[in-house]
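One chain, chain A, links the two complexes that follow: it is found with chain B in the first and with chain C in the second.
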Partner chain A sequence: MQVTTVKESQLKLKPVKSTSPWALARRKFLRNKLAMASLLFLIIVAILSFLAPYLTTQDIARINIGEMSLAPSGEHWLGTDKSGRDVFTRLLYGGRISLIVGISCTLLVILMGTVIGAMAGYFGGIIDSMLMRFTDFVLTFPFTVFVIVLNAVFFGKLNGLLVLILVISFLSWGSVARIVRSKILAEKENEYIMAAISIGCSPFKVIVKHLLPNVLSTIIVQGTILFATMIVVESGLSYLGFGVPAEIPSWGNMLSSANEPDVLQSKPWIWIPPALAITFTILAINFVGEGLKDALNPRSRR
Partner chain B sequence: MSNLVHKEASLLEVKNLETAFSIDGAYYNAVDKVSFSIKPGQIVGVVGESGCGKSVLSLSIMQLLPKGNGEIRSGEITFEGVQLNQLSDTEMNRIRGRDISMIFQEPMTSLNPVFTIGYQLQEVLFNHMKISKGDARQKSIALLKSVGISRPEKLVDEYPHQLSGGMRQRVMIAMAIACQPKLLIADEPTTALDVTVQAQILELLKTIQEVNDMSIILITHDLGVIAEMCDEVLVMYAGRIIERSDAESLFYKPMHPYTELLLGAIPKMDEEAGMLSSIEGMVPSLKNMPETGCRFALRCPKVKPECSAVTPLLEEVEEGHSVSCILYETSMPRKGVKP
Partner chain C sequence: MLKYTIRRILGMIPMLFLISIVVFSLAKLMPGDSLSGEIDPANTDPQYIAEMRDKLGYNDPVHEQYLRWISNFMQGDFGKSTRYKIPASEIIAERMPNTIFLGLMSLLITYVFAFLMGSYAGRKPYTLGDNFISAFNYIGLALPSFIAGVFAIYIFAFNLGWFPSNGSVDISLEQGTLSYWISRFHHVLLPAIVLGALSTASYTQFLRNDIIENTRKDYVRTARAKGTPEHKIYRSHIMRNSIIPVVTFLGIDIGLLVSGAIITETIFTYPGIGQLFLSSVTQRDYPVLMAITMLLSFLTLFGNLIADILYGIVDPRIRLD
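On to the complex of A and B.
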């Protein structure tokens, strides 16, 4: 009795910290300087990109013959491209497209992969083998070829950006499904899952309330990796001319002007900004991902 | 079992239960033709070494066998007139946690690490009752109090990793009794705990049983636990019930050589004295079960040549005391249990 009263009075002196696993992870993440700096960088990039219409007055699409390939100056901070469009303006708008494609693809891929992986892992048996057969089938699609063909088929018929997001997502959820499935398989062996069923929880409840929170850390970490990958995929496809429609600026589209030897060699202001934007964004995402992984790992707690 | 007992209303009746696991495409019975029944308010002990099928028996009753691997191959499990092994998963979910509850062996892993104690207690209530959030919280505090937790208002908001094993097992018990089930299955509830905590938990189970007037299936490999707690005892070996009796006569007059060994009544033949109650050898694995005859024959100190040829039946040898061993078949008038 004595011991507990002492402890309780001590607790009252200190601010009482929540000991929920999420609170512990959050505290750990907040202490990670590199991850926090990276997160700050990403937030700034996102704000600049999404506020682009308010930050610049330049028209992104209008071709300006009189101002072609100008070097950086007071009027055009990062110069202009071969069509006379302001590079800084296009960089901000491009960031918006790259981030939108990256975020939408990541969310769609996580959603599809988690639903399919969780069902396969939890129910097992024939449901598992059918879903995994389907997953293998999708994983064996030749990705680039498929994107190029589909883009050609739907060109002009549908919103090019939407088609791109759906196609990339549909071809990419396989690996997430596999990871989630294997995590669920391991996690469902835990006695608390049996205990949850034994108090009358339905399979839906068991998956959503008991299994998913315990594999959420894996999903979050996977999400950051995907986010970085999706930005690269978008840039790569756009660079090749099969991604975001050419009239919409994206970092990948901007990079594709470096195809020309003249631009590559003597007009670096046209391609270096998008190249740096992609590189730093991906680096920052990876640092945030590492920080999350570290914070969410129960073994490294405290 | 005598016909007399059959006529009394039993809460749970298990008849000729065969639960099998598929290994490399073939089925092997982990529970083999098990029959018994429990009356309301009774505590029935199930005892046997590790690997005898005690957990598989309890999972069969709860319909919690691993899907795709374990399967009830034949037999009936009847609870209050309803045959559980015929129910759909949805129907069974209404019974689990409300009418039949279960406590597991490992209190350290039976609670979900990402939820508070209160959340997990309230989940049982929400699963089976129409109850407001505030009432559920009050009720979960009351439940924690009823299992002997001293500061329940604080504990409801704590996470499992902040509690000791004994405390967690108390929480598990609180969850199990939340809806006042009629039957509680406790699968080695104290095996993972310290000796002093063990006694407290057993005491608690006994008290709750008396207050709520529920029945308990108490699974253990510790005969000491049986002696203190149980009205009736089933001794299991390799998936079969080899002896059943009231607790008292089992201790005063064990019949099956296996039970005798479990009780430590027979000194071992080799010289490592002191460990009287441990039995030489191991329970055979499912694939290595003897096909005919008594499954204990390989390890039995009183083995006879015919033991591995004749499969003994569980027969009532004395009033309320049945045994499955040929040593008793010849000397006693036959009162076989019909399968």
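On to the complex of A and C.
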């Protein structure tokens, strides 16, 4: 009698749950100090930028002739620019635009690249070769040249920010599509995919439910690298004067004041803050990306 | 190999044809046209302008205009610049040597620095020197070229006064003299370093990792067991194998230099193709704009071709067919 109760209580013991790959990855990522510090930095930058209207009292648009090109002081933490606008306030608002453009471009590129890459990889045959020829075609465009030309075409006809996001995204999805396609090609040979097809899953369901979750880690890592690239692209184009419209502050627009030798040489407080903001943000995103790559790679031990 | 090369070159033709259609349509979509470059600017009589517009074919159907443009283009006639009133090919030919000079200097800097740093870091991995080089690489890869350029001008040109901050040559010097060439070299150095920083970082990183990987290979162990001196193992066994893959980056570099030149030349106000491209966009100088866009697209395609062919030459295991 007693023996059986022992057995019953043993049976009631919770079975040891094996940790899922995602939990393993999370644990590995949390232990990576550099990546965690970078993530914290990014979160702070994002919060400061998105709460800019509540944190600052200065007007970013009004030109203030009385306070032109003031050096940093107690009233203006980072000084004022050539039109008398507070640099710190513009830095926060600029961060908001740069981050919004970066995130929207990344999401659009990932979406387009994944849809096209997954379709090409899953269906194969003529669909594959047509989609991939199109991808090759888009990839052969010299990116910088065509972004500038396209922006000049649409400039002033539509909302500048939206045009910029669409143009950048339309010219950048090629590499994501290629990567997703090659991953899907390898993944669809597995038996569970054949099983899913044999019980009558529609292609849409097979791709979304079975294939995409298995290539998600690659997409996430690609997305992080893309996010950094997109911030560089946005600020670089704005620096050249072909990006975000000049009246909207963005980090690249603020940096373009360094084109004037006088500002570059003797008023460093105007251009150094956006330059450092871009650099540190990109570095932080790259560190997070490296951390994610390590964490999601089951073979790396750290 | 030859068959593959020929097929790839033939494959470039439809690609260039499609790109030319895109370039032409974009130029047509942009506001304004290049009419003002072809007519007498002093005559503002609307009847004269309308007459000339008709005569020069601006009212023809779009496909006819395209065919005329592309057939002229194939024969080397890129049209007349609307701003400078001289053939676009002349302006481009004038700027071209500057850009080629900048590109070659930047490639040279990349190869020399990447070779020195990469072979040092690969030979002594995980030491202080290697960590320094890795830190440099990280910065080189993460820092966008326009920020690096702005900082380079601020520090090296303005504060330290080591380099000039703009132009391609000191204009007071006579062409062809030694001091003229020294001045050109002096002017191109800073932009070339900035332009080459990204490739230098990626080359160095690649070379380092490849050397470390090769050090663990069997043939290196055999060489060690034979008693080959360590420096000789690195020089003639490891380096020879590690240098080869780096060669294939040349093709990708051509594409990178194309887009890099636009940004770098603008920062340093260096009179090359990239700067000409941007000014032709802002000034709506269509013939020049279209010619440069075609030229840069061709260079990018050409770079991809070189990369693919070099892969095959360098590594016979890659079958090209």
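Quick note on the criterion: the second predicted complex is superposed on the first by the 282 of 302 C-alpha atoms of A that agree within 3 Å, B and C clash if a C-alpha of one lies under 4 Å from a C-alpha of the other, contacts with A are read in each partner's own complex, and residues count from 1 in each chain.
Operating definition for what follows: a contact is a pair of C-beta atoms (placed from the backbone, for glycine too) under 8 Å apart; a residue touches a chain by one contact, two chains touch by 3 or more.
Because the structure is a prediction, the values reported are computed rather than measured.
Trainee: Have a look at chain B and chain C on chain A after the superposition and call it: clash or fit.
Mentor: After superposition on chain A, which the two structures share, chain B sits beside chain C with no clash.
Trainee: Which partner reaches more residues of chain A, chain B or chain C?
Mentor: The partner making contact with more of chain A's residues is C.
Trainee: With both complexes superposed on chain A, which partner does A:123 reach: first (chain B), second (chain C), both or neither?
Mentor: The first partner, chain B, only.
Trainee: Classify the contacts of A:57 with the two partner chains as first (chain B alone), second (chain C alone), both, or neither.
Mentor: Touch partners of A:57: none, neither chain B nor chain C.
Trainee: Please state, to the nearest 10 degrees, the angle that the Cα centres of chain B and chain C subtend at the Cα centre of chain A after superposition.
Mentor: About 100 degrees between chain B and chain C, seen from chain A.
Trainee: What is the contact status of A:192 with respect to chain B (first) and chain C (second): first, second, both, or neither?
Mentor: In the superposed model, A:192 contacts chain B only, not chain C.
Trainee: Which partner does A:20 contact after superposing on A: first (chain B), second (chain C), both, neither?
Mentor: first
Trainee: Quote the smallest CA-to-CA distance from chain B to chain C in the superposed model, rounded to whole Å.
Mentor: 13
Trainee: With touch defined as at the start, can you tell me which chain A residues reach chain C in the complex?
Mentor: Spelled out, the residues of chain A in touch with chain C are 137, 140-146, 148-150, 152-153, 228, 232, 235-236, 239-242, 255, 258-259, 261, 264-265, 268, 271, 275, 278-279, 282-283, 286.
Trainee: Would you mind writing out the residues of chain A in touch with chain B in their complex?
Mentor: Checking each residue of chain A against chain B gives 4, 19-22, 123-125, 190-192, 194-203, 209-210, 213-214.
Trainee: Per the contact definition, I'd like the list of chain C residues that touch chain A in the complex.
Mentor: Within the complex, chain C touches chain A at residues 15, 18-19, 22-23, 26, 29-30, 138, 141-147, 150-151, 153-154, 158, 165, 255, 258-259, 262-263, 266-267, 277-278, 281-282, 289, 292-293, 296-297, 299-301, 304.
Trainee: Which stretch or stretches of chain B touch chain A in the complex?
Mentor: 62, 64, 67-68, 89-90, 93-98, 101-102, 104-106, 109-116, 123-124, 127-128, 151, 158-159, 161-162, 172, 175-176
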